[in-house]
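Report on one structure; see the data block that follows.
Chain nomenclature is as follows: A, B, C and D, assigned in order of appearance, with residue numbering initiated at 1 for each chain independently.
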Amino acid sequence: MKVGIIGATGYGGLELIRFLHNHQEVEQIDLFTSSEEGVVFSSKFGHLINIADTPLQKIDYDALEQFDVVFTSTPSGVTSELLPPLIGKGPKLIDLSGDFRLKDLASYEQWYGKKAAPAEAIAKSVYGLTEWNAENVRHAPLIANPGCYPTAVLLSLLPLLKNRLIDPSFLVVDAKSGISGAGNKPSQATHYSEANDNFSIYKTNTHQHIPEIEQAISMFAGIDATISFNTHLVPMTRGILSTAYAPVMPGVTEAQLVACLQEKYEKQPFVRIISDANGLATNRVKGSNYCDIFVKVDSRTNRATIVSVIDNLVKGAAGQAIQNMNVQFDLPQTTGLDVVPLFI
Amino acid sequence: MKVGIIGATGYGGLELIRFLHNHQEVEQIDLFTSSEEGVVFSSKFGHLINIADTPLQKIDYDALEQFDVVFTSTPSGVTSELLPPLIGKGPKLIDLSGDFRLKDLASYEQWYGKKAAPAEAIAKSVYGLTEWNAENVRHAPLIANPGCYPTAVLLSLLPLLKNRLIDPSFLVVDAKSGISGAGNKPSQATHYSEANDNFSIYKTNTHQHIPEIEQAISMFAGIDATISFNTHLVPMTRGILSTAYAPVMPGVTEAQLVACLQEKYEKQPFVRIISDANGLATNRVKGSNYCDIFVKVDSRTNRATIVSVIDNLVKGAAGQAIQNMNVQFDLPQTTGLDVVPLFI
Amino acid sequence: MKVGIIGATGYGGLELIRFLHNHQEVEQIDLFTSSEEGVVFSSKFGHLINIADTPLQKIDYDALEQFDVVFTSTPSGVTSELLPPLIGKGPKLIDLSGDFRLKDLASYEQWYGKKAAPAEAIAKSVYGLTEWNAENVRHAPLIANPGCYPTAVLLSLLPLLKNRLIDPSFLVVDAKSGISGAGNKPSQATHYSEANDNFSIYKTNTHQHIPEIEQAISMFAGIDATISFNTHLVPMTRGILSTAYAPVMPGVTEAQLVACLQEKYEKQPFVRIISDANGLATNRVKGSNYCDIFVKVDSRTNRATIVSVIDNLVKGAAGQAIQNMNVQFDLPQTTGLDVVPLFI
Amino acid sequence: MKVGIIGATGYGGLELIRFLHNHQEVEQIDLFTSSEEGVVFSSKFGHLINIADTPLQKIDYDALEQFDVVFTSTPSGVTSELLPPLIGKGPKLIDLSGDFRLKDLASYEQWYGKKAAPAEAIAKSVYGLTEWNAENVRHAPLIANPGCYPTAVLLSLLPLLKNRLIDPSFLVVDAKSGISGAGNKPSQATHYSEANDNFSIYKTNTHQHIPEIEQAISMFAGIDATISFNTHLVPMTRGILSTAYAPVMPGVTEAQLVACLQEKYEKQPFVRIISDANGLATNRVKGSNYCDIFVKVDSRTNRATIVSVIDNLVKGAAGQAIQNMNVQFDLPQTTGLDVVPLFI
């Protein structure tokens, strides 16, 4: 397979390279740029010396059409214009940005503050939450790869919502992310001296992943939910932990919640249901494509605490993108992704 | 004033020394130990060379009775036995442990898994949440200094609950703490290589600060609330951030919530109501006795997000303890505590 | 005293505010800016709400002449033009930048790559390494406050060099700094995700503090030394540790090195000679004006290892600047600086 | 291949599992323990759920003899007794501890403070610095896998010393390590709150890797050197950076140093000579088996600065051990080790 990456200099792009380098079906990886044509990639990223010494290439539709897959890992507002001409022209398109996730154009424009992609392009895209949408992913010309927070939140909540085990009318999701989620562009909030040894909340009640989560709950669980959702910045590089709170439905037990999750994910290689909360932490999935989920019912409140962790750059971005590619090419989902989490 | 500290080797004790060193009314600080008699304190803690070169002294009731104040900063289960004989014998007693906080002995024994202090001793103790209980603190022989989480949670929620602006029937508190909250005793969970670059949940629904928070809501707001409460470990040394979620009462606006908080804390030197969430972060209060509070109403859900930050070792422990001492001795609350947060 | 600060938004400036806030002789602190006139300072720095709510003022020579002291904490190349007109006009000037440190203009222009300050202005400036130059500091109109690395290096090496106990012909200084030394301006190298959990060398053999160190060795020890000097970036916010290596002179013992250091600094409140290397670490001086020094002779090589630590923002910048101010106004050197290190 | 690991619960052991899991020639990995027989490995290490769910087995010589390779990753003083009976009995033995590295028993006992392994066992062991000793490694029954610091130091210095380009009579090596080098056992020095945001020196002039480095300089470069060597603790989990200083020999240029390194390592897959110091940092090799080297001559002192970085747990432990296994079984050295560094 011949793979192209647009936006390789971002953290999502770098992770694509890291995993595709060890993907046995990938023979060629070309890197494209809108602004740094000719720059040898490893001269920008020392860790890739001897690994990715190729020059960045100019984005060229004719060239891109020759690829089997094109990944785009760009800021929002780029692929909405860039990708539509390529849809159906040859390569499978897998977009890691948010530009094709929301089916409702007005919602995109409200939450992202940018012009939405053309309606016909959005109509052709498929939301790539692999464990929930593999059949559609298989045949789609364009994958809207899920956001990092939605991946962690949805994988843990969807089975419980779909099976009506928790009450969607009071659903609170309190999410925390490592700082790599903010991307590679320096800013005051991500300046080491101000981010180190510091914990903060950001985008209170206004994160653009809210409509994405609610759309997927509607799509996969058939429920219209309005969630409370907040995001926090953790002084670490990688990892997301989501803590969700919801009343359990009358008569539902903790054992039923656990069983529901286990059953749903029994054959999914990257989702693990954890029985001991001491085993749940972002470092247990670090560098890997795993999503670990833990659920507990508080008998005092009769509410469930539903916790999940992912590596935001892997299952929350590049890893899931490659998982979707594997589905599209009828490869085992674990191809190129079967790595052991780093832990430390 | 002559001050004694029992448990000076813990992080709460070290912070007591740090602030009392610059307290203009304190002339003498003696350090007591149950196990390291004679050890020169600065030989254990290099940062205190030339500052606290005194030897640790054996705990001796006759000696302790000569002090104006005795702070105890020991693990739970110690002062329940140690302090009762000293109550009313001379020194004001300020206990930083959890042993005298819960009025209900059975509750203590259930949540702490230890034998409670004698009922008559607990009856004499006063819960030292300074901004809410200064009058009782002033005359109490024994102060039960609040826990770190309860301080952050209560200061932000109590005004809103007392004034019936938020609905206590669905109150979710998602709290996050720096690792110093776990104390100075090494363990696997606090081993650098396993805690660094890692975020985890712990004591899901079972933290011993839950009954303390509920008791104080009953005591100061007159409401019986059963809260959802979870705690997380943040890879940083100091700081707590609490994110709480509650429906706002019908017709209540965000402006009313803000005004309620501002009014309550207008004359309190250590509580700041923050209008811009970008200014809210644990490093904004680091090393200081401040509690910063931010509130926002999500118009989509009509729920309030109530966020507060403290330094867990200062306002959450040693700083509030000294603030209580100042109240007891009719000193300005800021005496010895008027330091600028470190920020970085 | 009435104090003005130019460059208050930098980390050095913020530390000046932190300490001057608790300086009993300082009644007024005004903040000046070249570009943000009118901005309320605490709206930029949330930790200073209720502490520094004053607006930034335009730099105005007539106004500045009314102050007792003016601190400048600006990037290099600013005060070389800004300060000369103010010299001798009223306020004591204390410059935290490198613009007046090097007596040799050509050397400044070579190492800094900028135009040097006028020769006559440089001639009036005094190098403010307090423990070595207090008499000259006392009467100087303009203090060139030492750099962070030079402070750590010089305090540890000067006594040994001056007394000819170590051999300057092979002097290696390997220095490490927390990231706040790079200032508050975001960059790729200080972007959290790339600086966290990472250690690197920078400016190999070319740091602009090299000529400053060599000039001071000449000035205070009477020796022309050419040192090997390198600097490294440590994933922490504050702190410098310098490890120096030099042959000991024939017949000189470790005890003589220790005695020499102890004697020199016996009456200096901010320098501590540490006897146990386990007590030497940057967190032992964190947030304080201390410099801790440890020396050991390796009998295998007959070379001395000379280690020192400071807080780069305090003894390496704002703290030493205030110490110099205290000297100039005949105050005890510890005024406003007598704080206990944070340790954790 | 059938592989056994003794000491799998240490960080070296966990890294062996991480890499061997993806080693195409390894079919079975069994884990052995002296004290936790029957414990399911993934119940201790949550990141290995679904990956290493096998129970720990009792150490049994008969069983071990059936393996192709046995790795030992235990504290010093264990394999000196454990391994001798197994030498030559079937499995290749690869010891990650220091017990078989020093050929001089007295030296081991002096620096380690423990009884040395039997002389005849040591005589059969081969020092596994792969790039320098592959031929001997190929045929050895027992590999003494190099220490983490020696690997970083030797790979960078040996070519220059062997070719007499730098002067060994004044060789200073200032090394810095992430905290995982201290192992997985909690202690005060590695307690998060005391190690975070802190930098310290340890084992001044007395680290047990000193004789290992000097022995290897003698062995591979034919030079008797006595080095100055110090080690520092960096607040990060993984990574070593070594900064070495040595006079260059008369007439030798920087270009010659660079050429010497390039030539030596031209065909070695895991050593990269870096031309731009900005590309040199521990995160450039994080999680991988690379060693990156940078050299620069300071024209002011005519001394070379020689810098190298490795991941202490990979090239400094488990990675090099597997590299040695690959050599022994005539596999490409990169088998199972061809991973891209994480960078962030």
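Things worth noting here:
FYI, contacts are C-beta pairs under 8 Å (C-beta built on N, C-alpha and C of every residue); 3 or more make two chains touch, one makes a residue touch a chain.
Note that the structure is predicted; figures quoted are calculated from it, not measured.
If you take chain A and chain B together, the chains in touch with both are C, D.
Taking the options B-C, B-D or C-D in turn, the interface that duplicates A-B in more than half of its contact pairs by residue number is C-D.
Between chain A and chain D the centroid-to-centroid distance comes to 36 Å (mean Cα coordinates, whole Å). In terms of their C-alpha centroids, the spacing between chain C and chain D amounts to 38 Å.
Mean C-alpha position of chain A lies 46 Å from that of chain C.
With touch defined as above, residues shared between interfaces to two or more other chains in chain B number as follows: 11, 178, 180, 193-194, 196-197, 235-238, 278, 280-281, 283, 286, 343-344.
Chain B meets chain A in the complex at residues 170, 172, 174, 176, 178, 189, 193-194, 196-202, 204-205, 226-228, 230, 232, 234-239, 241, 243, 245, 277-278, 280-283, 286, 294, 296, 298, 300-301, 303, 305, 307, 309, 343-344. Chain A meets chain C in the complex at residues 11, 178-180, 182, 184-188, 190-197, 235-237. Residues of chain D touching chain A in their complex: 11, 14, 17-18, 21-22, 43, 45-51, 180, 196-197, 237-238, 269, 272, 274, 276, 278-281, 283-288, 292, 313, 338-344.
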